[in-house]
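My questions will all concern the structure given below.
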Amino acid sequence: MADLLFAAGALVLLICGAGLAALWRGEGDIDRMLAFQLLGSGAIAVLLLIAPAMSEPALLDAALLTALLAALAACAYRAALGGRTPPAPDAPERQP
Amino acid sequence: MSLVFDALAGLLVAGAALAAVTAAAPRAAVIAFMGYGVLLGLAWARLAAPDVALTEIAIGSGISGIVLLRAAAGLPAVPPAANRALAAAISVAVALGLAALVLALPEPAPSRAADAAAALPATGLGNPVTGVLLAFRALDTLLEKIVLLLALVGVWALARDPLWRGRPEPLFAGAAPAPSAFLARVLVPIGVLVGAYLLWAGADAPGGAFQSGATLAAMGLLALMAGLAPLPRADDRRLRLVLLAGPFGLLAAGFLGWATAGAFLAFPPGFEKPVIKIVEIAITASIALTLILVVLGPPAGEERP
Amino acid sequence: MSLLLDAVTLLLVSAGVLFFAAGTLGLLRLPDPLTRIHALTKADNVGLALIVLGLLPQAGSVMAGVKMIAVWALAQIASGAVSQVLAEAATLEAQIEATAREKRP
Amino acid sequence: MSDAMLYALAGAMLAGCGTYGLLTAGGALGRILGFNILGGGVFLIFGAVARRGAGAGLAADPVPQALVITGIVVAFCATALAVALLLRLKAADGAGEEEP
């Protein structure tokens, strides 16, 4: 069973790696952040998969922490852009 | 099969690192560096070092991102400076030299694992890494606390003279937009719970003061980003008290050791675990606050009364 | 019985990995950032849910099972909120770029 | 080839990447990232040494692990200090980056 779980983990890593490599050459940093989020989800999945394979329950805590902090990165990215809020794209222009 | 996994993880870490150092734009480099932090966490998990994995995830992909993304904002893309072919040759030489050293490591490997395992029951702890950090090598931890304080003094020293008592620059210029504020409101309570759990579990399972402090710092920064809490003033006495609680708590425990156990930083026999736990709580609070303050940067604005 | 549980794990984890692949494919094929955000969050969460479901029989203790479900729940909440944050950031960046383009000539 | 060896070799590669970043970066931020990656590679080699030192019922030698944990936190604080210097420099000369 452990071998199968490692194989599944390797597959998830491979998928994330392929996504990363392809998105990396994309034009915008938003795409790169998406690649980072994909990697975060992949890392959560991998940690969950190898925790039973290595009989190390503490890796579940690591998965929990990864889920928590991948989201923090998105917020940090937004914060670095500055404080302006864009108007909703479909909202009618407010008349003075 | 696990070796295939390890080889893949190793290559991905190196690939992310390469992307970080070759990216032309600063922000792209920082995003690659954050990805490298997540992958490095996986490597630590596979090296049977869950304590280090937790630290790396919390710091490498979490609060590092806040500092570096902030630094990258507005920096222009700078073309590589030096002779790239020469630099590549030197770097390959460094990597090959280290690889050769690694392959020549002595067999059997030298280890203090047996000593740590033998001495652990005396501390009442179940996690050998926490045992090393707070009992066997407590002097290192004490010095590390002082280094953290020095880093904070260094950051604060960069404040302009009339402003140094005030508050740092906000992480969000103006109010945080609704989605970010929502994210913070949802994540901060969960994250504080996770941080407290890591401290509580750290005595007997992977976790402890460093992991907990880093997680709490990340959540504090998220709360500050969303404006859920006011930015701290550098001259706030309570703040300084918490900053000093860790190093001085450990120091006090050290002198207590002289009185009760006959050596500096020896814990009173019979009471090892409670004393270590109390010191660990103080250290966690200091680490969390120090990390928050070094990320926020020097005081920059005085609030007019 | 344990063979049956292992078969369930294998089936669900494989399906989860498949969803990860589908999400990545969507990330690569869809035309603009907003649709790519959509592809990422949807597929990732289903993939993660299937993997968690599949691993539950392998959890050594009740606590481990509860933690796995907690990880999945947190990932659900976080990924929904993250997609909002990134979508807003994408809109703002498009605006900044448009303003810059207007000023240039 | 053991798992520890694979990660030690990955650590060597990271040290190489870090050196490259340190030598070629045009700006201070690139050098900060390069230095961090160089340090990460060294930590990883240290971790592999810890893994090889498994024994007495422990999966890895706890002493190097504890040192790496303090190392990661100290490296982060140094990074934050360097970034604060970088931002102060940017504010001081307005140009953004210092001359290489």
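By written order: A, B, C and D. Residues from 1 in each chain.
Throughout what follows, a residue touches a chain if its C-beta (ideal position, glycine included) is under 8 Å from a C-beta of that chain, and two chains touch if they have at least 3 such contacts.
To keep track of the chains, here are their UniProt names: A = Multiple resistance and pH regulation protein F; D = Na+/H+ antiporter subunit C.
Nothing here was measured: the structure is a model prediction, and the numbers come from that model.
Of the two chain pairs considered here, A-B and B-D, the higher C-beta contact count falls to B-D. The centroid of the Cα atoms in chain A and the matching centroid in chain D are 22 Å apart. Centre-to-centre spacing of chain A and chain B amounts to 21 Å, using the average Cα coordinate of each chain.
Look at where the CA atoms of chain B average out and do the same for chain D: the two points lie 12 Å apart. Put simply, the C-alpha centre of chain C and that of chain D have 29 angstrom between them. Residues of chain D found to touch two or more other chains are 59. In chain A, 4, 16, 29, 33, 35, 56-57, 61, 64, 68, 70-71, 74-75, 77-78, 81, 84-85 are the positions where the chain touches two or more neighbouring chains simultaneously.
Residues of chain C in contact with two or more other chains: 74, 78, 81-82, 85, 88. Pairwise, the chains that touch each other are A-B, A-C, B-C, B-D.
Those residues of chain B whose C-beta lies close enough to touch chain D in the complex are 2-3, 6-7, 9-11, 13-14, 17-18, 20-22, 26, 29-30, 33, 36, 40, 43-44, 46-49, 51-52, 55-56, 59-60, 63-64, 67-68, 70-72, 74-76, 78-82, 84, 87-88, 90-92, 94-96, 98-99, 102-103, 105, 109-114, 116-118, 128-129, 131-133, 136-137, 140-141, 144, 147-148, 151-152, 154-155, 158, 210, 214, 287, 290-291, 294-295, 297-298.
Residues of chain C that touch chain A in their complex: 6, 9-10, 13-14, 16-17, 20-21, 23-24, 27-28, 33, 36-37, 40, 44, 47-48, 51-52, 55, 58-61, 63-64, 67-68, 70-71, 74-75, 78-79, 81-82, 85-86, 88-93, 95-96. Residues of chain C touching chain B in their complex: 74, 77-78, 81-82, 84-85, 87-88. Chain A meets chain B in the complex at residues 2-4, 6-7, 9-10, 13-14, 16-17, 20-21, 24, 29, 32-33, 35-36, 39-40, 43, 46-47, 50, 53-54, 56-59, 61-62, 64-66, 68-85.
Residue ranges of chain A in contact with chain C, taken from their complex: 1, 4-5, 8, 11-12, 15-16, 18-19, 22-23, 28-31, 33-35, 37-38, 41-42, 44-45, 48-49, 51-52, 55, 57, 60-61, 63-64, 67-68, 70-71, 74-75, 77-78, 81, 84-86, 89.
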